[in-house]
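Common to both upcoming complexes is chain A, partnered first by chain B, then by chain C.
Right, the complex of A and B next:
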């Protein structure tokens, strides 16, 4: 079990707040759409802080500009991957940015075992650190 | 190129006769000059000595910051001297100075410099001209460099930020909100072991970064290797405890470049994502560290230690916006640039000018923000400004309103001084931040409703409640000294 406050993974913009309601998620989608950003939905059962490439639940929805439609996609993803982490990412294609501008979790497993810190002792008191997810010891798809 | 009209009045045989001429006669005052796109333009605030007219003072500044010496030299005629002469081409009285005001008469002088006066990619060479001898020159009583237009041709000879806002966020996997930091306190005296404790607690509680202070280097109470080892233990423990990328700005400032490289290499070996340097190491050392940081995938934080010795007083020195420009060119990724509401100097309009200079792809001229020139940034990466000094969670709505989301908000005392401990302090700041960003994105009038938004979050977050009870009323209400000349404003009260 994680020992930080809230005992949960704190990636994303809103992990210190109570889980967002559908209404709150919709308002955040609208904020991104108003700026011309495209929404992507991604899921994983390997939430290592440096696991960049979560699985895409389809391509970013460049042409879907209705937050209710996007929420439907989010909820469909939540039904299929109920025990995965799911995040919503807003992609900005403007020159000078061309990068995600928002990213927040909309689903997480009920039980979050967290991460071990593995220390490899080296010369001169230096340590090489590795962060290992307890859940990722099991094969993909069987972790939570 | 325009022919120099003022110099035409004196025939060459007269112009180069041994003796002393006024600077306007030597060709440094050219009111008809049209600056080229490749010219570098400097805007100076000049307080002339009594009896010196503004055109002569401006010409003198142009002369002393380019080719002139105090007397005529015939060796000018061996060179394309008209090209190398800086040209003062415009002088305006500064609003609210002169007779009937409390301030001596001052003038803004526009001076153009040919691109060939400067070595490519060298802030040292640029500054040796522009802020070199000229600031001690007797014909001006006081002199301040207010702004510069850097031509794209010159910008393209600089690396720019080693990492930049976009890549920093991608590496950290943190988007859509300001980053949160804190400086370890007390800044001096902690042992390495005790110091790392503060880092661990703050990061585990919810901050993204903790920071060495500017004067933490390698002192009797804590050597640098110990500090690095304990801090990286803290960073990695906190990262495992939260599942987030975390960092600690390891200050590599030292007496020599060799020692700085040694410290930076050790930080890299230990897996740090970020190192830090102080402005006082000098422009060349900063550029060297920026190149090192680019080569080693390291974010480079700059603490602006020393800048207020020359940037704070309005009549002499240089404006901080010029430092912002030079540091973006020199290649740092973070720079402290003011808070508006905290304990350090900062007029809101001026600070917007600094932040825009660091973060935008193009800053249009805007006199109310102190930006005198249109400045395209030629795709140089964006610098993340850092707000630090006397700020706390109760000001979150104001901080986001004035500073935006691409900023590091550093709550040192506001984290470590929390009545329920450092982790609680960090959590209070993170909850306040996320609640305010959520409200902003929902389209709420968060600046007005800010205190209520915080109170609502404090209902379910005890650490935030305690923070607001402790610091809710703290504000630093002093007048700023460095204010706009065109729209005078008082410092904002919190």
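Right, the complex of A and C next:
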């Protein structure tokens, strides 16, 4: 039975839409900047949904007014990690929130093999289910 | 079959040929006229700077008008260099410049990021590039004002990290011309040395603005404006004493134009306060408002012994 072969990773905002263009990304960045959120760029090649903490590309960017500089950073990150997932997060430091308020993918590998469903046989014929990324079989840096 | 419909391009060309554009309306609509008038009113003297600002505003308006006809000449290079002695209004004008550029749509946000060497140059290898880039990112969409820019280049130390900051700056000044405007500021002679040793900067900066020193009369006008904003006034003898004070002060070392005037006024307020506190009984509003002659005369500038005291 085929599950989600070739399916695109759907994590974060806008992930069911076609990839955002640079203009659309700029507009989203401006939205975050207008609200005073700090923007960070993160990348990974292990897209498991429980892999919450991705590698940071540079420091989070505080005190910016204009998205042009962030877009330049995103493009620099795309050049270096062309075959990784790259996401943009916007962190709200307001007391009570103190959490990312936005998170969306801005880069994905050309070929996404998707996830396998793994069944684990437990005591008394119980079955435990989990998922495993096909890409994560290979060592880090050689995936995708 | 009748005649074929006219080509759309021909149509557009005919329309453009007949169209007229009002440059004054562009300047007015963008509130640039207001900004320039504010500048005229609030900044004393500085005639060459004001003329140059009007020229730049005119150029930008024409550029905008040309754009509406589809005549593009590429984004004009707007990087500037402000040279002049301390206290001649470089930072104030830079703030206004950011405003004018924003109103004409040549920078998107119009904020001013003022930095010095410390904000750009790191302390160890590999520290400079991220630091400079972060500042540049912060200035995107606005104006980056580098005060005392010549400190970036230290010829006596060939391993100085300032060179790295200069290279990144030059690259961004060229490649991100639409995103930010860089203004370098500093004393004239040292800036000239700086440009001689970094020809790349000189050729990337289109506008060199000179800020002349203020005359005694201009400094007195500046003082009057400051006093009015602080809700003080000189009485008649104090006015005369202050004019004398300014004439003497300009000849002394470490004279910083408008900044020295502000400091002098602050010290006069201090003396006025202690004079009033020493008075017995009650005082009225006019006493609180007035700076009297002794408040000025007590300055070390009049004693003649303070020729080398910084800030006198």
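Observations
By our rule, the second predicted complex is superposed on the first by the 132 of 144 C-alpha atoms of A that agree within 3 Å, B and C clash if a C-alpha of one lies under 4 Å from a C-alpha of the other, contacts with A are read in each partner's own complex, and residues count from 1 in each chain.
The criterion applied here is as follows: a contact is a pair of C-beta atoms (placed from the backbone, for glycine too) under 8 Å apart; a residue touches a chain by one contact, two chains touch by 3 or more.
Keep in mind that what you see is a predicted model, and the values were worked out from it rather than measured.
Touch criterion met: A:115 reaches chain B, while chain C stays clear of it.
Between chain B and chain C, B contacts the larger number of chain A residues. Residue contacts after overlaying the shared chain place A:59 against chain C, while chain B stays out of touching range. When the shared chain is aligned, chain B comes close enough to touch A:10, but chain C does not.
In the superposition on chain A, A:70 makes contact with chain C only, not with chain B. If you check the complex, the residues on chain A that touch chain B are 2-5, 9-11, 13-18, 24, 27-28, 31, 47-50, 52, 89-90, 95-104, 114-117, 125-129, 131. Against chain A, in their complex, chain B makes its touches with residues 166, 169-170, 173, 175-177, 204-206, 229, 232-233, 236-237, 239-245, 269-271, 361, 379, 382, 423, 427, 430-431, 434-435, 437-438, 441-443, 457, 460.
By the touch criterion stated above, chain C contacts chain A in their complex at residues 108-109, 111, 130, 134, 136-138, 140-142, 176, 179.
In the complex of the two chains, the chain A residues touching chain C come out as 58-59, 61, 63-70, 72-73.
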